[in-house]
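See below for the structure under consideration.
In order of appearance the chains are A, B and C, and numbering begins at 1 in each one.
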Amino acid sequence: MNTLILAAELAYWQQTSIRAVVGLAAVLLPAGTLVYLFLFKMMSFMQSRLGPMEAGPYGSMQLLAEVGKFLQKEDIIPAKADRVVFKAAPYVVLVSTFLLVLVIPGGPDLMFIDVDTGIFLALAVSSISVIGILMAGWASASKYSLLGALRATGQLIAYELPLVLAVMGVVIQAGTLNMQGIVMAQAQGEIFGFGGIGSPFIITQFLGFAIFLVAVQAELIQPPFDMPVAESELVTGYLTEYSGMRFLMFFIGEFATAGIFSALAATLFLGGWYVPGLDPTDTLFNVIGPMVLMGKVILVAFLIFWFRFTFPRFREDQLQTLAWKVLIPLSLINIVATGVLKVVF
Amino acid sequence: MDPVDDVEAPAVDAARDDLVATLAEALGDGLVASEVQPGVDVWVRVAADSWLAAGVALRDRCGMSYFNFLSAIDWQPSPFGRDMDAQVDGPEANDPGPMEWGTTGGETRFQLLARVHNPATGLGVTVKADLPGDRPEVDSWIPAYAGADWHEREAWEMFGIDFRGHPNQVHLYLPGAFEGNPLRKDYPLLARRIKPWPGIVDVELMPGDGDDESGDDGEGDDA
Amino acid sequence: MTATTDARKLAYIAGQAADARVNVELETEGMTLNIGPQHPATHGTLRIIVRLDGERVIAAEPVMGYMHRGYEKLTEVRTYPQITTLVNRIDWLGSFANEVPFILAAERLMEVEAPPRAQWIRTALFELSRIANVVLFLGDMGVQLGAITPVFFAFRDREFVLNQIEAVTGGRFHPNFDRIGGLKDDLPKGWIDETRGVLDRIRTFCDEMEDLVAGNEIFQARTRGIGVIPADVGLSYGLSGANIRASGVDWDLRRDSEMGLVHRELDWKVWTHPDGDSFARYWVRLQEVREACTIVGQCLDGIPSGPVMAKVPRIIKVPAGEAYVETENPLGIMGYYIVSKGELVPYRVKIRSASFNNVSITPWLLKGVYVPDVISILASLYFILGDIDR
């Protein structure tokens, strides 16, 4: 995007507004796609039903209807709620989502910001949502919300670690924290001398990919790690007291984050916007790159939602055990192995 | 008599007779009356003072470790009869008539009713105890059967029977401030004072019966 | 009665010890949480007040009565044929099975016996309502543990069973089909073959559930060793049905008593499980659905010809006397203690419903478990609110 924008010699405010619009689209479009494709349709087909069919062909306009429904609903704030914090919480959660999208490249020149610590920044800002969730749970003045928020906090902090450690392997192999650099490393790399498909890190870092997906599942608070919102016991955890617009924001946040974490996984492990066989520096990728990335996002998101609709949920102590006693040791082993191999080859 | 196995139903039922004998030995005078329907069922009536002792004896000496239910019967017939179902403006109380007791007889207005089983043999026994109408009071069965807890709460609120030693004798079904004991026969069915029950004159036709004076066959008047 | 195995004794002692630790070691201020009366997990309007220390339950007290309909009072002003309409609504998922013990008790007092054909059809419908009821449990247990998919399969396949019940009785949920002395009608044409097809579907469903739900590692982690009920405790609380058989008590009224149905003439098996935990209850119910399919299949093969109604008076007056008849209903033992004085209406009917006893163990059982396990234990006990509140 840099070159394109620079070529047109746009003023700063023009660049910024373009970035804002594209950013909004980059968050909302994948979120909507995922909701329709997976929540409405794939889930329905898995459960031997059709899902929405009335609004538009195959219910494709259902999403608009849902948004309209939420916008019309009364905005209820519990009497004893901490009103300011209660109202602010959804924005804090959304902030983390919007910041995450910044570092993901859509093509060789197509990115919002090009920072050398890209993946580091992404993992750091992804933690902001914990604060929003804790705010939501505390401010709701509901016991279910509070329990849910405390569970969510414990869980998100625990799974932050395997998430970061799983990425470490990729970083070691790519030799850079820059997201664009990681994509390029995959595009131009080769596996044991064979460079025909580049070197998507999912092959060499499969353990890291698996751990990353599991941790993402927990970060997204989806089954089997949805204890904080466990609808059969905590109603919906920290979301219990939210309605209308504010609930919609949480909802968008949830699915947009799912999309963006899928994009992160696609970038880190599947080669991002790159398609094997083409020259990664070709400006063609500025056009097809986002589409390629979107295809890979849907692939990864399919996995994430497949787990979501299939598994029962872990109990709080069981999922903590899984994080601390299984995932973290495994990812440490992965890092050591990657480091040793990196030195050897 | 059992409708299915009546052919092989013995005239003498050794297992049930043994049970009664064991109880008689354990309770002495506490066992007031008993009735055995060979091959079907057995009832015993104990004195109210021996109520808990009967429970312990059944559990420990007869292997009746399974607690089935506990309830009560109010033998004082309702002063309203079925009129309470048919009249809107408050049924008139009429003379309820004398008390007539059922199996194993009775002496007083209330009769406690409990049933326990032996899961190994499948044998079950119904235990009864007479309680006075003015101030029914009896020992709790919780020391013998933990499951009696809720049943006694139900009997307390529905019949007004006081269970001595019950740790938590509060309303189970009814709201906390509810007054009255709904399952006592003199407690009128209040809902019917607003609207009479339309099925009061209903008689169901049997298959093959020609429909004569009573056309409606009693189906379809679901609540 | 089955002897308590050492393993379960140890688990029981460990549970008690955990209980004691909660009370002495953690001196944090507790929190009282109201689960219900309107809550996704309570299948209706059960309310459970739990006292929490962190995520651990110190004390749990179920509160019910939100749906109490006073059936025991109403039966005193209803004629016997009218009462079947009421009792249909006790366990509303297996309605036909509610009617059976009441009708059998009235038949015992009247000394009437249903013709063989009626008894066989009764048995088939009795077991079909068990399938319709328990199939829903098999899916619902998944939902309570967070797996949303199985319950859709359960609803889908239960529909076929309900269709078969409807084809005979005209009612999907409340058949009201049983009569003193027999049944209202005979079977419709072609029903037997259709039902065979439905049984195959249900067997497939059971295989799916065994694979998808019972075989899932997370499901097992959430249910094994959770909510252990030792046999002696279960017996003293009057637990029944799969709940007590999952504790290793080999007692099934269908096999062990003369219920008035034809189960004893058929070849089937009573399943028990030694563990007594939530998983065991799920597993036993799963097997019971399979056995119910076997029973219905044999009924379909063996239904004799003949009338479906015995000769009974047009106006039913039940002779004076007392009778208690219980059957092994989908939720457990359901019994009616009928006191008759020879009138059109019974003098007193005590309804012994399974869920009331099954849930009465919860204050004991929920002590010291985690909040998520409260839900899974309640789900595994499987109660219907109408069956508790009557």
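Here is the rule we use: a residue touches a chain if its C-beta (ideal position, glycine included) is under 8 Å from a C-beta of that chain, and two chains touch if they have at least 3 such contacts.
Everything quoted here is computed from the prediction, not taken from an experiment.
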Chain contact topology (line, ring, star, complete or other): line
Distance-maximising chain from chain B - centres being C-alpha averages: A
Top chain pair, ranked by how many C-beta pairs fall in contact: B-C
By mean Cα position, the chain sitting nearest the middle: C
For chain B paired with chain C, centre-to-centre distance based on mean C-alpha positions, whole Å: 22
Distance from chain C to chain A - Cα centre to Cα centre, in angstrom: 44
Computed distance of Cα centres, chain B from chain A, in Å: 63
Of chain B, residues touching chain C in the complex: 1-6, 40-41, 43, 63, 65-69, 71, 73-74, 77-78, 82, 84-85, 100, 102-103, 113, 115, 119-120, 122, 124, 126, 145-147, 149-151, 158, 171-175, 182-183, 185, 187, 189, 192, 197, 199, 202-209, 218-219, 221-223
For the chain C and chain A complex, residues of the former touching the latter: 31, 33-35, 39-41, 55, 142-149, 152-153, 156, 213, 216, 218-219, 221-222, 370-375
Chain C-touching residues of chain A, taken from the complex the two chains share: 46-49, 143-144, 147, 223-224, 226-227, 230-235, 309-318
Residues of chain C touching chain B in the complex: 1, 64-65, 68, 70, 72-74, 76-79, 81-82, 85, 89, 104, 107-108, 111-114, 119, 174, 176, 179, 184-185, 232-233, 235-238, 244, 249, 251, 253, 256-258, 260, 309, 312, 314-316, 320-324, 326, 333, 335, 337, 339, 341, 344-345, 347-348, 350, 352, 356-357, 360-361, 364, 389
